[in-house]
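Comments concern the structure below.
As written, the chain order gives the labels A, B, C and D, with residue 1 at the start of each chain.
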Amino acid sequence: MPWLLRNNAGLAGVLVLIALVCLVGAAASDRFLSFNNFLNVFEQTTDLALVSIGQTLTILAGGIDLSVGSLISLTSCLTSGLINNNPDRVVIVVIAVLVLGTAVGCVNASLVVALRVHPLIVTLGMGAVLQGVTLLYALGPVGRVPRGFNFLAYGRVYGLPLGATLAVLLCILIALLLRYLPLGRQVYALGDDANSARLVGLRRTRILMLVYGTSGFCCAATGLYLAARFGVGQPYTGVNYTLASITPVVLGGTLLSGGKGGVVGTLFGAFLIALLNNLLNFMDVSKHYQLVAQAVIIILAVSVYVERRRTM
Amino acid sequence: QYSGAPRTFLFNPALDVCIRDTAKFKKAPPYVIGFANAGLGDSWRVVGLHSLEKAAHDHADVVKKLLITDAGHDDAKQVADIQDLVSRGVDLLIVSANTSQALDPAVTQVTERGIPVVMVDRRVDSDNFVTFVTASDAMMGRLFAQWIVEKLNGKGNVIILGGQAGSSPNENRVKPAMQVFGAYPGIKILDTVYSDWSPVKGKQVMQAMIAKHGHNINAVFAPHGLQVPGAIEAFLEAGWKGNEIPPITSADMNGPMKMAIKYKFPLLDIDYPPAMMGVALDVALKVLAGASVPCVYTINSNIVLTHGDETPSIPHPDMYVEKHVVPDGPDDMLVSGGMGPDYNPSTFKIDFPH
Amino acid sequence: MLKLAGISKSFPGVRALNGVHLHVQPGEIHGLLGENGAGKSTLIKIIAGADAPDEGEMDFADAPVQWSSPREAKQHGIHVVYQEFALFPQRSVAENIFIGHERRNRFRLLDHARTRREATQLLQRLGVSLNVNAAVSSLSVADQQMVEIARAMVHNVKLLVLDEPTAVIAGREVAVLFELLRRLRETGVSVLFISHRLDEVFAICDRVTVLKDGRLVGTHDIRDVTRQRLISMMVGRDLGDLFPPRTMTARSSETILRTEGVTVGERVRDVSIELRRGEIAALAGMVGAGRSELALGLFGAMPLRSGVIHLAGQRITSMTPARAIGLGMGLVTEDRKSQGLAMLLDIAANISGPALSEVAKHGLIDRRLESEVAAREIERYRITCRGPGTKVATMSGGNQQKVIVARWARICRSVLILDEPTRGIDVGAKAEIYRIMRELARSGVAILMISSELTEVIGMADRIIVMREGRVTGELPGGAATEEDIMHLATSENAA
Amino acid sequence: MLLILPLLLAAGGIVSPAFISADNLSNLLLQFAPLAIVAMGQALVMIVRGLDLSVASMMATAAVIATGFSGSDRDVATIFAVALAVAVMIGLLNGFLVTKRQVSPFLATLATMILLQGFRFAYTQGAPSGNVPPLLRVFGAGKFHGIPYNVLVLVALAIILAIVLHRSTFGRRIFIVGGNPVTGRLFGIQSDLIIIACYLISACLAAVGGLILSGYVGLVDNWVGQGYELDSIVACVVGQVSLQGGRGSILGALTGAAIIVIIANEVLLLGVPIQVQLIIKGAVIVIAAALYARKDN
């Protein structure tokens, strides 16, 4: 995997920060570095990792997806509302929800193309619409998932948290697709220079469908995971993820302007955030200063390493 | 002020009251107790947290450590917090669940690991905990609604000025209230609007409602106090004389009471005492001592009313607003704190074991 | 191969093309000529499907076509190398070359090793050796141009369109490119070739079409026209001598700028030069010799790593553009799109930009005054536009260049540096810019002209400074120097 | 662009008569002012290719500061001074991160948003409490013959900012730098300083907006101004301020803010359920942007 580090100085940065947090944690509490705690943190990474992996793609392509929060809420509500404690429906609903998430992403992409409006605005609007739809479906926590479904969020397979492991597999799959599919490379090209992309005849629509579709898929996966973790879907469950999903992307070395970065960095970015929260809990830092610490980490991570100015 | 036995206990229609045996949790002190808080952000929760800290301070002899986490009203964070607290080795966990259903699996897991859980203020859906310390949301919602119905003699137009659409603290009071309103065909709900518990938004939406319905508004049902001062101001600024302001409901907040006294409009305030968080620690210690506790530990709410606004269901309030109000306290002051006269939330600091 | 009939295209306020006919035959190299703003790039965008015509018909490969996107044109075998490039700066050279035509292995997945290998081979055929893993943004403009050309060879083109491909490359690269074009011609590929350099047109084209003001002037076999005839077709009048006579009279002995051991950026090392009032000095060298970096360093746009600049009597070790401007210096950069112009603003704002205080009172801009100033410059430099309020983004390349020159010429009192000032400029405008340079020199300004066109260097310079690999390798007197002398200093290993 | 306003007002009046009542219009103005003030700052930042997500957090912080003193008019000057001092620090921090450390504006201001939130929570111990001075209440909610005082503040600020942005050399430099920072540098403009100044102005305007909002009810929570960060961005986009920088106007920002406030009020008056309100809001955002966004070529 040398290509992982070669084009991604940010990834190195996030690994250094993770090491740093571990050092501080080891000093703060002897329970912090235990394998069990590590597994806990790994498990706690899942939701943020899932949504951020999708977000990475939209950002790589020069866009952004601000509808993720509402889409997560919608999919989690639909999951528990439709399954409604009936184990027989699990498979069909899971498939349906994943398809729906992907479809919503594709609608985002189509709107960006058809209306020629900046994705920030399109997805912001879509976010409001989806929140409305979610509330139309459920004004409060809705339905229930069967006990066994919780296994997705709390279960351990060969000692590893199931959901988190699936998220890692998804991440690796997407990383490989980005690297080995022509369309994957073209995601980077589009993010790098949209006008050049048009002139050389790249299919913008198709690329956007891919990235926003993937983002939608990841949101649906997050929605499923949250429904499993909470046992129920709620209309506001995803609200925080809209902005939160950006941070791991950037921590992982993806440029917000697009064209450079990758999903593996994002995965570590999400892990860093979960680890940081865990450390601050262990150190009894109050929530107020946890926010401060998070902000400082973000600033440190993205501002210490400054890329040489490209022009002059 | 009411000081009798808990009404919910006395008035409980069930033949038996559920009592939980906690012998299996008996443990010798000192204890490490964890508190997974849903979050802070409004004065009610701040005062509640302080009362918990005070209780820990008072029991420093048996409490070795009180570990507190704050989820910032984020379910995912609270689940993680609970896991982290368990990792850190607590003997008992107090949880104020951000969402009753969502925290259920996490709390259930803790219970299944043999760690006793005491819920406070907001419970989880299942019964997978030892006991729940609370005041009754349903009682508040119903009583608010019943009072409005009786004030209007069963006929009139009501605005529902809610908190956040779909959130459980809102629905837990609005739903029971709607059942009451639903029983009276003469009561018409003009509009249901949401303030997201923001005083600013509360005023904005109320101004729009007044512009739309004018004097057709006969009463305002607000399940919480935060949005009420803005609503009252909206009436005043729309030129309503003080006593024209329709009956309105509120909880815990000083401001509406001050205004009700000044402008002489009907106000029903039912407190939801934050002191329940301190009570939760007392109950937790009982559990760890192996003493039996009731399955639900409901503490009393004060029912506070303006003079002359008694109705058949509230013939005698626990007290009248003049007695409850803190005349020179700020509008957003919590009158139901129970932390003593010298207490000031912004300067409060107490030494407790952590 | 390609047949255009009655093509018209208007932009708000401009009729860029007016009933243009063009016929490119299979296996010919067809030159497209015209002054700046004649409509060449616009025509090409229409051929490429990047813009739709308002009127007219287009036939390609004997069938009527109407492109809905560049992609469609590409699929039919049209490849365009745009004047402004269509590259992906953060991606590698290899990726840029094969974008849209990725090299795959037998599982239909990307084959990175093969991509790199074939990219290297392609570039070798073009006679350039580049690290194919390097990001395109790290390349010089010339190398970027070669990447663009390499891209054209990736797939089967029927019609290759090159919009001023030679504007940024020189000598050997041009020769390689022409060799390549001839080979393509033999295989039946048609080439549409745009250039302002008539020598090149005569060297390679079979037929030429001339546009003027959006109209077709005519199409001729190259053997039937002379240089003078082409120029008058383009300009509509006869031009005298391209280079105005040298007027050494104004040249004084006063040194206005002197550098000592200036080191800038990655390659400029230890440069010590002198400029005197009233002279035109040329900075010559091979592409990548570091001339542009030196210019940016002198102007303060890139930090001086070491060395001293003496300018207008001051000793400066850390220069900034503000300070340079304050001391009467100006810089016409080589890349007008990304550096020289405030693209979203109008001509007036672009001209007043560096000297805002001149058109402002108490911090507030006097719009009337600003317009008047701009109108004067528009007239002086015969800038084609609809007035001072024209957005520069909508102007043709040559007219944009005139705006930049006008801006600096107006306020420059000590030294004016012009980096490739006539790149992409038609002969008429070229003559005008030469005239302006002379005029400025006569008024006592020292001019440093960076140019890769040796005829221009020899024709204009009073003194020629030659750089190689970031160092000054020698100086030659103007007028007497030959191209060989310059090339010797620019390439020879054992020069001073 | 401006044409849409009378159209919207007329349409509003037709679908719900209460809309054009004097009271309602005056309340609309009252709600319009704080958003408009913030949107103007947002516009400046967007013109220099930025984005300021920290405005809402800045507003809440200023509002919390407003309750941090005795609550009497004596302290108003101090409140302004402290709030503006914090705003200056935040503006400088945003500007510093964006220019000197090349952090993307989205992320830099997201970080300062969280940072401010943390410090605010720490300062209030979780929930603010205290009284807002009567003078601020006048500026937040008071009216003079139906014209809210805060609109007067807005008008004054808007005139100053419009002159600064569209007439002054500083404003011209903002457009040059926003269009292309490299060109700005070659023009001898200290691009970094211009950009920092824009963030600074945005933060200060947010502080003023927060103080005004604190006086609107006189009650302050930790979330005063919540949603204004996105609303102000939407207002700018609807008002043709380019997300790519280099283009925009004060008038545009004001118009965008007005459109948002009018639509929010109209759906409330129509008694549209909250779900549908959200759907309408989302659709309007996208459609307005599609109608008004210049087709950048």
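Criterion: a contact is a pair of C-beta atoms (placed from the backbone, for glycine too) under 8 Å apart; a residue touches a chain by one contact, two chains touch by 3 or more.
Keep in mind it's a predicted model, so treat the numbers as computed, not measured.
Among the remaining chains, the Cα-based centre furthest from that of subunit A is the centre of C.
More contacting C-beta pairs link the chains of A-D than the other of the two pairs A-D and A-B. For the pair subunit A and subunit D, the distance between mean C-alpha positions equals 29 Å.
Remark: subunit B and subunit C have CA centroids separated by 73 Å (rounded to whole angstrom).
Here the CA centre of subunit B is 34 Å from the CA centre of subunit D. Those residues of subunit A in touch with two or more other chains are numbered 135, 286-287, 290-291, 311-312.
Looking at subunit B, one finds that residues 40, 165 touch two or more other chains. Counting partner chains per residue, subunit D shows two or more touched chains at residues 121, 126, 182, 185, 274-275. You'll find the chains touch as A-B, A-C, A-D, B-D, C-D. Here subunit C touches subunit D in the complex through residues 299, 301, 320-326, 331, 333, 338-345, 349, 353-354, 356-357, 360, 363-365, going by the rule given at the top.
In the complex of the two chains, the subunit B residues touching subunit A come out as 39-40, 67-72, 74-77, 79-81, 83-85, 87-89, 99-106, 109, 125, 164-168, 171, 354.
Residues 64, 111, 115-118, 120-122, 124-133, 135-136, 243, 246-247, 250, 255-257, 286-296, 298-299, 302-304, 306-307, 309, 311-312 of subunit A are the ones touching subunit D in the complex.
On subunit D, the positions that touch subunit C within their shared complex are 163, 167-170, 172-173, 175-176, 178-180, 182-190, 246-247. On the side of subunit A, the complex with subunit B involves touching residues 29, 31, 34, 36-37, 40, 43-44, 47, 135, 138-141, 144, 150, 153-154, 226, 229-232, 234-237, 240, 274, 277-278, 281-282, 284, 286-287, 290-291.
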